[in-house]
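Look at the two complexes coming up: chain A is in both, with chain B in one and chain C in the other.
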Partner chain A sequence: MDLARYAADLKYLLPEMTLLAVAVIAMFVHLFGGRPGRRAAGLVVLAGLVGTLWLLLFAPTAPGAIYSGALTVDAFALFVKIVILVSALLSVILSFRFFDAEGYESGEVYYLLLFAVIGMLFTASATDLLSFYVSFELFAICSYILAGIFKKEIRSAEAGLKYFVLGALSSAIMVLGMALVYGVSGATEFSKIAAPALQGDPRLFTLGMVLFFIGLFFKVAAAPFHMWTPDVYEGAPTPLVAFLSTAPKAAAFAVFIRLLVTVFGALEYKWTVLLSVVSIVTMFWGNLAALGQHNLKRMLAYSSIAHAGYMLIGLAALGSRGAMAVLFYLFAYLFMNTAAFGLILFVQKKSGFGEEVDDLNGLARKAPLVSAGIVVLLLSLTGIPPTAGFIGKYYLLSAAVGQKLYLLAVAGALNSVISLFYYFRIGRAIFMESDRPERVLDVSGYVRAVLFVCIAALLYFGLFPSGLSFFATLAAPR
Partner chain B sequence: MTILGVPILSLITFFPLLGMLLILCLPAARIGAIKWTANIVTAIEFLLTLALLGGFQATASGMQFMEQRNWFLNIQYLMGIDGISLLLILLTSLLTFIATLSSWSAIKDRLKEYYAFLLLLEVGMVGVFVSLDLVLFYVFWEVMLVPMYFLIGIWGGERKLYAAIKFFLYTLFGSVLMLVDILVLYHHYGHTNLLTMISSGSRLAGTVQLWVFAAFFVGFAIKVPMFPFHTWLPDAHVEAPTAGSVLLAGVLLKMGTYGFVRFSLPLFPEASYAFMPVIMVLALIAIVYGALVSLMQKDMKKLIAYSSVSHMGFVVLGIFAMTPLALKGAILQMVNHGISTGALFLIVGIVYERRHTRLIAEYGGLSARMPVYAAVFLIMTLSSIGLPGLNGFIGEFMILMGTFPVSWLWTAIASTGIILGAAYMLWLYQRVMFGKLDNPANQSLADLNLRELCTFLPLIVMAVWIGLYPKPFLTILDKPVENIVRLVHPEYYNIPLQKPPTAVAPSHGAAAGHEVK
Partner chain C sequence: MTAQTAETWPLALYGLVVVGMTVAIIVISAVIGQRHRGRATGIPFESGMPPTGSAQPRFVAEFYLIAMFSVIFDLEFIFIVAWAVAARELGWAGYAEALVFMGLLAAALAYLWRVGALNWGTSGRAQGGAFRGKAGAP
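On to the complex of A and B.
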């Protein structure tokens, strides 16, 4: 417990430390670099993300609990961190395109995004109520700012404020839940809560769990705590939505899984029901509401709600490889969502981007290759083979069937059919509607590159899922 | 058996994919090159499937040309064929070739995408018939949906958007239910290898088996399509381009009945037996209702679409009669229906391409202007209504013969379908072909050209061959059908040879009827 020990533990935090250093450098580049410094800050951040990803993939530290159990560096955290970093990386590239097209560059986006990433990385390894809450709020506050950062656009400001107010409220509820859990158990470390808590008042413990979950439901946009999602996604800058709709969910699901396995493991019979109900409601709500949307961003917002519902299936069925299914799905979802929001940035109109489904009309004639890729993306979103989305859904439903949650599995399967209807409105617009001339397609190559990476990943992990499945199985806590 | 080092089943499954990639690489302006490539690829694919006959052992029991590799977790890349799949694969590759050839002048817009989707469709269709792992089967089953959706939605008729999404939604609804079923089976057996599942002898427990059977049944019944799941069919058929209709009727509908034969009967024998009366009633409704609705149609394509409902009703009847004779007849009838209905859709496509209308009232007296066309149409009409000497007769006759020992009443009701079938088809022929050539628009209709005739010739040859000498087709069905009946209806084989007739125990009295052959 001495300083030397704490200093020694720092080596586990090399990725986070690197990112922190990069963020500070980027901040200074932005401050003193004048106008060119803004883009330069972006490039610094990009390099930092690539470097950190390299560190995680090729020089991972040995697993272990550090700082008296406040943080745990393990394969599970590693998996989630990779998802978060890849999401940030792709969003930064998309941001280049976005700010180019808007004729406006904001250096602060890049390092704010990096601060958010740092918060998420800590969240992924957090195994203590306090370390969890601090890292959780770090990324939450950064994401409120990110949602509202596009000052030219009034909708962005609205999005930021809405996200902040509702986010703060849900955080407050979550803190209350944490307080109850602490009150019952007298411990903050995840692994030490369960035993004393079960001796205490079960009603308080359960209430604490439910309140705790509400905060997480909010973050993953599960019904009925999803109300902010369409407004925030519609208002926030599109490349940041690609990030905000993916990485925070990954971080929140990571904590969720850790909590379910350690803290609330004994209450499984309770949370299975709770999560099943929330999952079913979320899937149906998200998909049914998406049916009526003509704005792509709102449609994708509801679709991301539905996807959160799918992943909740895995949580409800945690006992039967559910965690592995959620991890796999998170990985697929990362590429699906980034590509979907990238598609919006691909099409530019006189004012702003092609945010309406109609703006995609006849795209197949102009950009056949991208359109073919979009078909793969739509299949993956719907959960049709041979895509990663299908394999992910296969694992999720398989987990549900394995736990004999047949109703949940059938609901998840039926939601594929509902979602097909609106996803393929996009396919219909691209392939079957007549052309609409007044638009410019992305010429910078940023969006094409991101789309290519995402769609190649979706196809690759759909056709050859065994490697990723193995990694996800290894990473899933047991 | 390998060709150029590639195992043959993988080769025939993925060869069209290669062709598709080739077409995608061609510039869109090179129309001739695209058409030729597509036609050559489908022709080679047909020859490759013919090569299967070289190594196929007609009398062997079990799967042949097996390929087995691990895919992920306990899911295998498992392929193999028996006589049933062989016939359907040959049908698929033949019809795809014909469909491609028939599109030569019919499709004028976005050729590159059109042929690419057509070839992708072939990958899915062949893949379905060779897969023996449930998840692999499911993957190909779904792969098929996408190109068909686009074929209908881009190159279809006036209501193409509606028809395309309706087709997609219906089929996906059926298949997601199937996916949940596959998962239930996976958790029961620990893998999704169909052969091991069957040979393990373990079956799902009572109620679960009923539920899983029912969900599989809905998935397949939508595809067949059986009454009351058939409503997508007329829309999809009417709006689809000719080649789409040919493949839809010729191959895609067979996937449902193939699913019954390959999965439902062997995996859920008890449930199949329990559901038999319900399915029989649905099949009979389909036979009679489909025929009656056909009688009333003003649109030629719609008429043939509803006639498919009726004909596929026969196939389902034959499958769930669960006697070897009826089952063999049903499988043969799947091929027959592919040949005759595929040809009928081509026939409608010929005049549609010239006149851009499918309304029966627009035509009349065409035989005067188009004698060759009239002859082809007549042969296929007769094949469809089951005239002895042509293929339709053999299949329907075997189904009815095989169903009779199970229930004479069902057989009698089904027979009315044949009479009604003759009525609507001959009436259609009469209205289109005979009478006065009084519509001025029809005065200058051209007869079949050589290419169009070439699309029909193989179908006519097959129709006559199966009609006159069906033995080779039935021989390769013997073993697989026997294997299935042994699983699902073992009493059939217990009685006749092992015991003298007098020794039949009273408890077997009900089953004794089945031995009539």
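On to the complex of A and C.
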């Protein structure tokens, strides 16, 4: 028992421990602080997230696996953790007036979100089947509750239940895959699985890999395991959807990349085909289904499915620069999706549900500055310069071309064109339609601030991508 | 025939027999069984009693809460026992970790108490709900 080393390794987990302490403090502030305490819980969480982000920016990387190979704190993990924390931070700010205005208890949302974040941070670090699964479930269960937090609203309850039942099913399938992988190799540590597994039955190992991937496909909303996405995003509270549509995907993609590099590295010729097919199906399904949507949230849900498909291009082409492209795209996607769901808050109905694309009609007259920002957002979502979405897509497609996956690159480019149609339906509604006379813009400064931060980030990383791509290249595992 | 198939063929046979028997029972009873629509055909079978009342009364479903708390606290108890067995070897560092763990458990208990999850019975939930405002008890 080497307790001294374990205690010394605690310094690498400082961000996670800080968040845990903040979550518990926020819980007590909420529970025993009376009426002001409920508001204060959000502020405590916000301060905690900012502090942790600060810690992460200067966090040391561990020189190898810590805790008997259960975790690792490398540059890759740190990069993904920063993505997750920024997403959580923006969603918390988006939530600030939302839950008060909706007349709902808000305190729980904040610390549940923190527990989910802790799970995701550990997922990004996990290098062992067991530590991965425990942290994966930690954030999965928290996200089911977050999706259904408006339990008196039938649609929110539906969202929570659907997410939970399908999530539990996909987790079960994933555990079966993990069991097969363990059965073939006799090891749970990622780095120790590959060698013995190749001695064993290759069919079982491949089956284990496919089942394992199904659980991850579910989390990143890849076709054909994406069916829950529109229903859950439609029913869940909008500020939380901004979180649920970005951070879990970042965590799941992190594990995906780690698995492809370490555990399943020898099966590359198999998973390249599998991921290419899934990627193409996901992109087409997401974009074509989004074309027919009138509900804004459902449209954006299908758009986020399509974006998961784009990122899968990077996974299929992991060899050369795929991992770096996925990391870059995760960062761009985080700002795009948060801004997109922030936009919904502009047309939020009192009941909180049923935001149609038509509700945006003539928004440009009442909110010209925001509408100008939305143009940048739409350009970025489609993948047109000078935005981060374009650069991200460029890296993804060039990674695919670099691996000679030409079909994949063509499909990705084709899908950008398809997505143009429905993204610019939003633009047309905002600028070309006449205003709704009954519109009252009741949007908090928090939402505006988040929107402008996101759009500024999209422009900045679109015009000056070299800094971010440098760090992404540094973080990408080789 | 490899050694593996030699070992597993009875299992496959058993599966086939199960599926075959189930299909046979359904098909045969559908083909040669008699059909009649009496007064009681559509009524659920209640051991001869005619059913009364609605099938959807509201239960006080506190047992699911108890089950959940037992998962939360009993499972954690396992970890504490595991630590207690090796407490001397683990020393003060282990003791500190166990304290942190138990502190988190206590925080969870405080949460449950405060949101009114421990007030069982019909009136207790209403009292717990007072804290929660519009959102209601858990």
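The rule is short, and it goes like this: the second predicted complex is superposed on the first by the 458 of 478 C-alpha atoms of A that agree within 3 Å, B and C clash if a C-alpha of one lies under 4 Å from a C-alpha of the other, contacts with A are read in each partner's own complex, and residues count from 1 in each chain.
In this section, a contact is a pair of C-beta atoms (placed from the backbone, for glycine too) under 8 Å apart; a residue touches a chain by one contact, two chains touch by 3 or more.
Nothing here was measured: the structure is a model prediction, and the numbers come from that model.
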item: Touched partner set for A:54, first chain B, second chain C, both or neither; value: neither
item: Greater residue coverage of chain A in the superposed arrangement, chain B or chain C; value: B
item: Partner chain(s) touched by A:414 [first = chain B, second = chain C, both, neither]; value: first
item: Touching partner for A:397 - first (chain B), second (chain C), both, neither; value: first
item: Interfacial residue positions of chain A with respect to chain B in the complex; value: 364, 368, 372, 375, 379, 382, 384-386, 390-391, 394, 397-398, 401-402, 406, 409-410, 413-414, 416-417, 420-421, 424, 427-428, 431-432, 464-466, 469
item: Chain A residues touching chain C - in the complex, by the definition given at the top; value: 1, 3-4, 6-7, 20, 24, 27-28, 31-32, 103-105, 151-152
item: Touch list for chain C against partner chain A, complex; value: 89-91, 93-94, 104, 107, 110-111, 114-115, 132-136
item: Interface residues, chain B side, partner chain A - complex; value: 24, 70-73, 113, 135, 138-139, 142-143, 145-146, 149-150, 153-154, 160-161, 164-165, 168-169, 172-173, 176-177, 179-180, 183-184, 186-187
